Amino acid sequence: MNKSTEGAVSSVELVGISKKFGDSLAVDNISLSIREGEFFSLLGPSGCGKTTTLRMIAGFEQPTSGQLYIAGQPVAGVPAFRRNVNTVFQNYALFPHMDVTDNVAFGLEATHAASKTEIASRVQDALDLVRLGNYGKRRPRQLSGGQQQRVALARALVNRPAVLLLDEPLGALDQKLRKEMQIELKHLQSQVGITFIFVTHDQEEALTMSDRIAVMSNGKVLQVDSPAAIYERPNCKFVADFIGQSNFFAGRITGMDSDSVTVAVGGSDGGSFAVQAPRTNGMQAGQEVTVAVRPEKIGLRRVVGSDAIHSNGLNRTPGRIQRVIYMGTSTQYVVDIPGGSTLTVERQNSGIAEPNLPRFARNTQGIDLPGDSGLVEHEEVVLEWSPAVTLLLDKLRCRLRQ
Amino acid sequence: MSAINYNDKPGQMNAAIVAKEQVAGHAQAGSGAQAISRPPARLALPAWLGNLLLKSNALVVFLVLYLPVVILIVFSFNAARSGVNWTGFSLDWYNKLLHDGNIGSAAIKTLIVAGFATAISTIIGTMTALALERHKFVGKVVFEGVMYLPIIIPEIVMGLSLLLFFRAVGVDLSLVTVIIAHVVFCIPFVAVIVRARLADFDRRLEEAAMDLGADELATFRKVTLPLLMPAIIGGAVMAFTLSIDDVIVTQFTAGVGSTTLPLYIYSQVRVGITPVINALSTIMLVASIGLVLTSLFLQRDPAGKKVK
Amino acid sequence: MKQLDIKENRGLAAWVRRRPGVQAAGLLLPGLIAFGLFFVIPLLIVVGVSFTAKKAGTVDWTHWTLNNYVSLVTNFAGDFDPLYLNIFLRSLWFALLTTVICLLVGYPLAYFIARRGEKWRAALILLIMIPFWTNFLVRTYALQLIFRKEGLLNSLLLDGHIIKQPLDMMFTPGLVLFGLVYGYLPFMVLPLYASIEKFDFSLLEAAQDLGAGTFRTLRKVLLPLTMPGVVAGSILVFIPVVGSYVTSDLLGAQSSGTLMVGNTIENQFLKSQNWPLGSAMSLVLMAVVLLAIIIYFRVARGDKKGAAL
């Protein structure tokens, strides 16, 4: 069981791994196959088991059950210092009593991996790689957070591990530095070419950097997919909710044909409407489902005159704007719809004219704001979205799709 | 107005606004020119008085603390044999000190005892601290309690218990028995000091070392021990100081030929003393200060943080 | 790339690695031996000896008796004799007074030091410690130099015509008390300082901002949060003082008003060679000390923590 379906040897393979601490189950029977050279992220809220999983791969914890393979070899019982993986810790864990050079050289010296001269040159290469070539004599406490993190990276990479494990390494950095480091890490990974396993609770980070993401919750893996697939095709409510934003409705399948289904979405006091969604396997008439639509997929326009709500294949509902939230690149509208629920709609402030939305709007000071749609609170609008982006999720379970 | 029902509650908002204005109106009408009064001020020492009291207390304490010491030192240079009259500056007593064979041998014995006791108790104390701080085991609480007992048991009880013990097993009292006694009461002090540092220790540094390929022994050698060293040295200094100064326990466990310096001084002080003792004390004081300053230097945290 | 070595699962190192119990045992062994052999067993022997009959210079294991304990409260005729009881009580009283005085003097001192800037703090603590490093005996002897009839204090007072006759201060309880406070003050100041140093002084400002006066602030904010230091310091002073004998020996010469338990025990052991009686006294002393600690914990920390004892 140590080859992935593509035929290449997988870099890290978890088969039925569980970890119990006393009575609590931190990791619940997960199986993952991580490919060589992949940037793979474990994403989930605090306490979901992602860090525990990482530590089991590193060798700091032993699984309670299951098998673990690194580069095809089983590693049960092999202690951390014998595994060909290296970790970048959340707080960097640089040795305070050594300077940068000694820190980076530590692994090579501990394993007697090379001669003194070769170690020195490899250390210098590693420092150059992270653009800290002149910092060799400094002490950790003299470095900024970002610099410490790069030293931690160099210290790990200089050993040429098969897999690099990163435990929320960007958590302590400020916003701007984080974004820079995300790009740098991604660039580094493609340069060096080794497998990166990245643990984070920041979904934006995971989406930006990963080749594939495993979304975890309560010790289980809910979905493993590329970022686009995770975002556009979440397979359960948790994933749809944790990644990005979604509007959720309870509904029931009232009709099915060859490639689409009709779902009745009911409101609390009788106002209901029907939406269309693509048909997938396992759906049955009468089934209770959760309908999910992302805010940016919904378009909105004013009701003009006696708007004959004509159908052009879109899902549609009228509504009234409750709140307008201006966010710079986009504006969010919280819209009340019949039946008592609200929809959140996100619209890019592109400044491009659309039907039923003026190009310019005048605000209270009479200034033209190109990006502003001009929609205000209490306005009556019509919301529309394509059936193709309407997701139907099982009410209770998350189906795991590899 | 649209016919669609949006669960709108316009009346609510208006009602809230009206209520707010009413409250504001009441407040305006009621307060008028009336200042908001506070309860009567509590008794509070003015800052200058408090500081003065603290400063004078500190001053008096320091004076009282140092007066006897200063007198001691001063009179070690007093030409007079006894009495409190200053008859002239003299180094006589220091001279006598250097030529006093009793004192010399007592000093050597003291150093031997302190040396061995410090070494042994530091090693055992560090090992015990590691065990207590990092492991769970059956009877841990009991062991901890027993281990901290020597700190709080009256020294006299410790001393006589060892005397009885050695008699019971038929061992003659000698320097060795003194060393054993010192080791027993030094271990807890070393353990407490090392343990405090261990509690603050960042375990992830050890994980990082192991992640990079160092096994347990190498990790201990290269990471744990260097970072623990200030505490270990602190413990060793503590043990050394306790050992050098100890009278009570030593008195009970010393054999005939194992008179340490404190014991010698005690016997002299009871009888009646010459300023040679003053000279000796002065030298011991200077040596102690030197020792502590050296240890503070050695205790510089290798991580570069300041020592407390 | 390193080869993963599956052999790591076998071998002694792996076996030890899997058993933290073995690791703990290995670390504990020397301490265990040292304490078991040279601390616990000797104490047990003391218990045993206290029940034997007196035999000069050695232990007579064949005669068992409760006499030693009985004689602590009776005289030769078998009547109640408060002699030893008084000595115990006096020792407790001295210890209590010493602790209280050390607290009253030491707390403001520790507070004062804790409020200085960093360099001053280290220097002041060093200054407190220096007298501590002179030999205890010699320091106590220096007190003799000052306070005896021909001593410094009397000379100054006589020369200054403040008194006509030299004061007889030696061998009084007051002097012994002074000597005890003098000797044990650092034991109080250091734990107090450690505790006060951790204290967040902005809490005092917050209290005063809320209207509390000086005393209320001290009582309700500073004191409770520095209680651990108070407790530690009190224990570190009270217990050694109860059992001490050097100070009362040098400054009190074991006169009737200053004789302490420690002196009595020392006498029994080293002079009268009555080891059983001395052992009995020691055990009573330890019991008293333990009792005092328990009472103290209950009072100082509130019943929640005291109940654990």
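For the reader, a short list of remarks on this structure follows.
Order as written gives the chain letters A, B and C; numbering starts at 1 within each chain.
Simple rule for what comes next: a contact is a pair of C-beta atoms (placed from the backbone, for glycine too) under 8 Å apart; a residue touches a chain by one contact, two chains touch by 3 or more.
None of the values given here were measured: they were computed from a predicted structure.
Comparing per-chain C-alpha centres with the mean over every protein C-alpha atom, the closest match is chain B. The greatest centre-to-centre gap from subunit A, using C-alpha centroids, is found for C.
Spacing of subunit A relative to subunit B, judged by their CA centroids, is 52 angstrom.
Mean C-alpha positions place subunit A and subunit C at a centre distance of 61 Å.
In whole angstrom, the spacing between the mean C-alpha positions of subunit B and subunit C is 14.
The set of subunit B residues that touch two or more partner chains comprises 213, 215. Within subunit A, the positions touching two or more other chains are listed as 79, 82, 111, 113.
Residue positions of subunit C touching 2 or more other chains, listed in rising order: 2, 17.
Within the complex, the subunit B residues that touch subunit A are 2, 4-7, 202, 204-205, 207-215, 218-219, 222-223, 226-227, 302-305.
Contacts from subunit C toward subunit B in the complex involve residues 2, 13, 17, 20-21, 23-25, 27-28, 30-32, 34-35, 38-43, 45-46, 49, 58-59, 105, 108-109, 111-113, 115, 126-131, 133-143, 145-146, 150-152, 155, 182, 185, 208, 211-216, 235-236, 239-240, 242-246, 249-250, 262, 265-266, 269-270, 275, 278-279, 282, 285-286, 289, 293.
Note for the complex: subunit A touches subunit B at residues 58-60, 79-82, 85-87, 89, 91, 93-97, 106-107, 110-111, 113, 139, 141, 155-156, 159, 269, 271, 318, 320, 336, 338, 340, 380.
Taken in their complex, subunit B has these residues touching subunit C: 38-39, 41-45, 50, 53-55, 57-58, 61-62, 64-69, 71-72, 75, 83-84, 123-125, 127-128, 130-131, 135-137, 143, 146-147, 149-158, 160-165, 167-168, 180-181, 183-184, 187, 191, 213, 215-216, 241, 245, 247-248, 251-252, 261-262, 265-266, 269-270, 273, 277-278, 280-281, 284-285, 288-289, 292.
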